[in-house]
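Each of the next two complexes has chain A plus one more chain, namely chain B in the first and chain C in the second.
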Partner chain A sequence: MKTRILYGVIIGLFAVLQGCSSSAKNEASTAAAPAGGAPTDEIEKYRAMIADGNPADLYEAAGEDIWKKPMGPKNVSLQKCDLGMGPGVVKGAYTQLPKYFKDTNQVQDLESRLVTCMTKLQGYDANEIIKAGFSKGKRKDLEAVVAYVVAESKGMPINVVAKHPKEKQAYQMGKESFFYQGGPMDFSCASCHASNGKRIRLQDLPNLTEQKGAALGWGYWPAYRVSSGTFWTMQRRLNDCYRQQRFPEPIYISEDTIAVSMYMAVNAKGGTMNAPGLKR
Partner chain B sequence: MADPMRVRAAENGGTVDVKILMKHDMESGQRKDASGKTIPAWFISTINVKANGKDVFNGQFGPAVSKDPFLNFKYKGAKGDKIVVTWNDSKGDKRTDEATAS
Partner chain C sequence: MKNKLSILAFTLLAVAGTVSAATPFEKMMSSSFQAKGQAGLDRLDQDAAQKFCSNPVNLDGGGDPKTREKIQKENMATIKQPSDGKYLGDWKSGEKIAQSGRGATWSDKAGSVNGGGCYNCHQINIKEVSYGNIGPSLWNYGKLRGYSKEVVEYTWNRINNSKAYNVCSNMPRFGHFKLLNEKQMQDVMALLLDPESPVNK
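Right, the complex of A and B next:
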């Protein structure tokens, strides 16, 4: 009981101090910057501090090993996997995904493409990966490979275009999904991500309908998520968006989640791929 | 077997900057699983770093250290130092990785 009161006092004190420091800062910076930018400045400093030790590195290293190691019923490696720039080309491949693939006659994101490779080259059962759940079974290996492939595009410009009719269709479908409002909370992706200057707690919410915002969103995912201590792929991130909207859980690598990815990636064209990122 | 670490070391003006990223769940012993059972504590308890066979860093970690810990320190050294990092955890598991100061 005593400790609880003590905690209360400490939290209270902290809140007071916070109030003081932020108002003082607002006074100092009103001339230079518009009010509202200040609250997230401190967390930006924190992000810069931790950026150097991104545990996504560990997933990259594991993913590289998995990419090169012969595995599965056919006992072959993923090194012949075509991610859109020819068999085995990893460097820069992620900057162009999602895209249309002729052999599967589908628009595929990195994860669905890796499932294709694991099925066709290595002989795994696609359903097993789709039903596995995040960080479980064969999906865990796939996630590590995602970290590796994405890291090989770090610092390069995002170059996703909707040229093929199927790509245009996916973009349109993604856009509709993005603005689709519903569920018990009656909101859509657009409720949070279609206007500038919004934030939730100390997280700035990028406006994903504009190039600048989309590049901030698309360009920093997949990422290591500190709060869950795991590496999150884009599919997992989107899964969580649907959960936050209280929508039914999307099926892994479903047409719809790929379409939403397509919508964001095309909007982000010209931005820099900074993933794997490090998120709260 | 434990997962590999990432060890980086760079020399600048007579000091070597060592950055170590360890892969470990670092279970605190405070968490509960889905069925409500306590997950037993399991964490890296000691870490030792040697440069050319000589101790440059010794540490004791506890359950309050985060998952996948990152450790950064500096010591007086030179390019080409052979750095060997070893951790032991509370279950007796251990892992050793090496790097060369660049």
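Right, the complex of A and C next:
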């Protein structure tokens, strides 16, 4: 019931925004000299308007239940899952991810770490989660847990460091991947995200190579995405970046996606974790 | 004969050996992606320009000027002038192409018509307030530059293969990678260079 009301509110406000932006557009068209930044101001107003009722809250609540509930072939909960600060510690854990984990001998982001826990503790099949697709099957549960874990770091400073040799390597390879051009449009991440003040249409593009821009990017994802009506994890955000880059599809929790995350997160160090955010 | 064959086999093995000695980065790239829709894994294979411009040092006019020059020349050599000799098509159709950012992703149907996505990065007709700023403003493009043969040919070349002038230009090579067909490029040309186009009012 609560869910329905919330969705109703969101849809209503979305309609209001559309009204705002189209009237702003018409005004600008008739005046023939658009005031710089006016449409982006409208978008900011809209964001502030709906920030109080972020539907990501619903995913957080569901995620907390899933975290605590015994599940899977072994019928245990995720409460013994070690996200890097010891078994079961959730508060602040996301501020330090991705990081190196000794038991897997890998640098892991939150999602790959959750796959490890769901495999080792609960007995799920990792491949099933990797191949499920976003918002589908067991992946859907994982995404809700992501919302819960991330929310437990909301407002805290991002504190990802490349200290272990494998973390340093992930950062370096993430950087190399960030600048790697390919595909029929010659795009890399850097084509859009390596200088200040750039936009695609009216969408601001954070400069992810600098602390300020990286904090704007890393610090506001995962997020509830109004245009698709779903909660998007960082893996899903990256997946859609690569789609628009005209690249082949990044495999879920693949080494590249974690390395690029490491590059962004280390660059963002000192910024605030504002996720789960709310995006257009 | 037998000897020659074994030498050949040995050489082939040696070549295969060097090819498979991938760096950790190459291993990461080849294990992290899967083909989907029209976006095959071959999209990760780089040509000379992509390789050169993947090094941040070479962006924004940096790097070895000789290599830069050489790659630009190679790109220039690939440009075809319009087969019917006409550079300008229909600006109205050009505006539609400039508006559409569709095409070439794994979720676009293979063989469907691509857009130019011009407004993603450029201001063009100022009546469109939703424009990006990665590229320069093209408002009054012809009015400001004139409609000479040089301007027309330069613009045609630039749309076809921007890397012919600036190897690390952010603009996709619309002709080179067949993102737009000849007629579509003629229409976009008209949007910029037809004196009747609203862009030049």
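Here is the rule we use: the second predicted complex is superposed on the first by the 241 of 280 C-alpha atoms of A that agree within 3 Å, B and C clash if a C-alpha of one lies under 4 Å from a C-alpha of the other, contacts with A are read in each partner's own complex, and residues count from 1 in each chain.
The rule is simple: contacts are C-beta pairs under 8 Å (C-beta built on N, C-alpha and C of every residue); 3 or more make two chains touch, one makes a residue touch a chain.
In this text, all values refer to a predicted model and were calculated from it rather than measured experimentally.
Engineer: Once chain A of both complexes is superposed, is A:61 in touch with chain B (first), chain C (second), both, or neither?
Structural biologist: A:61: touches chain B, not chain C.
Engineer: Does chain B (first) or chain C (second) touch A:52, or do both, or does neither?
Structural biologist: first
Engineer: According to the stated criteria, A:191 is in contact with first (chain B), second (chain C), both, or neither; which is it?
Structural biologist: Touch partner of A:191: chain C, not chain B.
Engineer: Which partner does A:201 contact after superposing on A: first (chain B), second (chain C), both, neither?
Structural biologist: In the superposition, A:201 touches chain C alone.
Engineer: Which chain makes contact with more of the residues of chain A, chain B or else chain C?
Structural biologist: C
Engineer: First (chain B), second (chain C), both or neither: which does A:256 touch?
Structural biologist: Touch partner of A:256: chain C, not chain B.
Engineer: Does any part of chain A touch chain B in one structure and chain C in the other, and if so which residues?
Structural biologist: none
Engineer: Could you list, by residue number, the parts of chain C that touch chain A in their complex?
Structural biologist: The touching residues are 24-25, 28-29, 31-36, 39-41, 43-46, 49-51, 53-56, 59, 104-107, 119-121, 126-127, 129-134, 163, 170, 172-173, 177, 179.
Engineer: Name, in rising order, each residue of chain A that touches chain C in their complex.
Structural biologist: Listed in rising order, the residues are 24-25, 28-29, 32-34, 38-39, 169, 173, 176-177, 179-188, 190-192, 194, 197-203, 242-244, 246-251, 254-257, 259.
Engineer: Within the complex, which stretch of chain B touches chain A?
Structural biologist: Listed in rising order, the residues are 3-6, 19, 21, 23, 25, 66-68, 70, 72.
Engineer: Would you tell me which residues of chain A are touching chain B in their complex?
Structural biologist: Listed in rising order, the residues of chain A that touch chain B are 50, 52-53, 55, 57-58, 61-62, 229.
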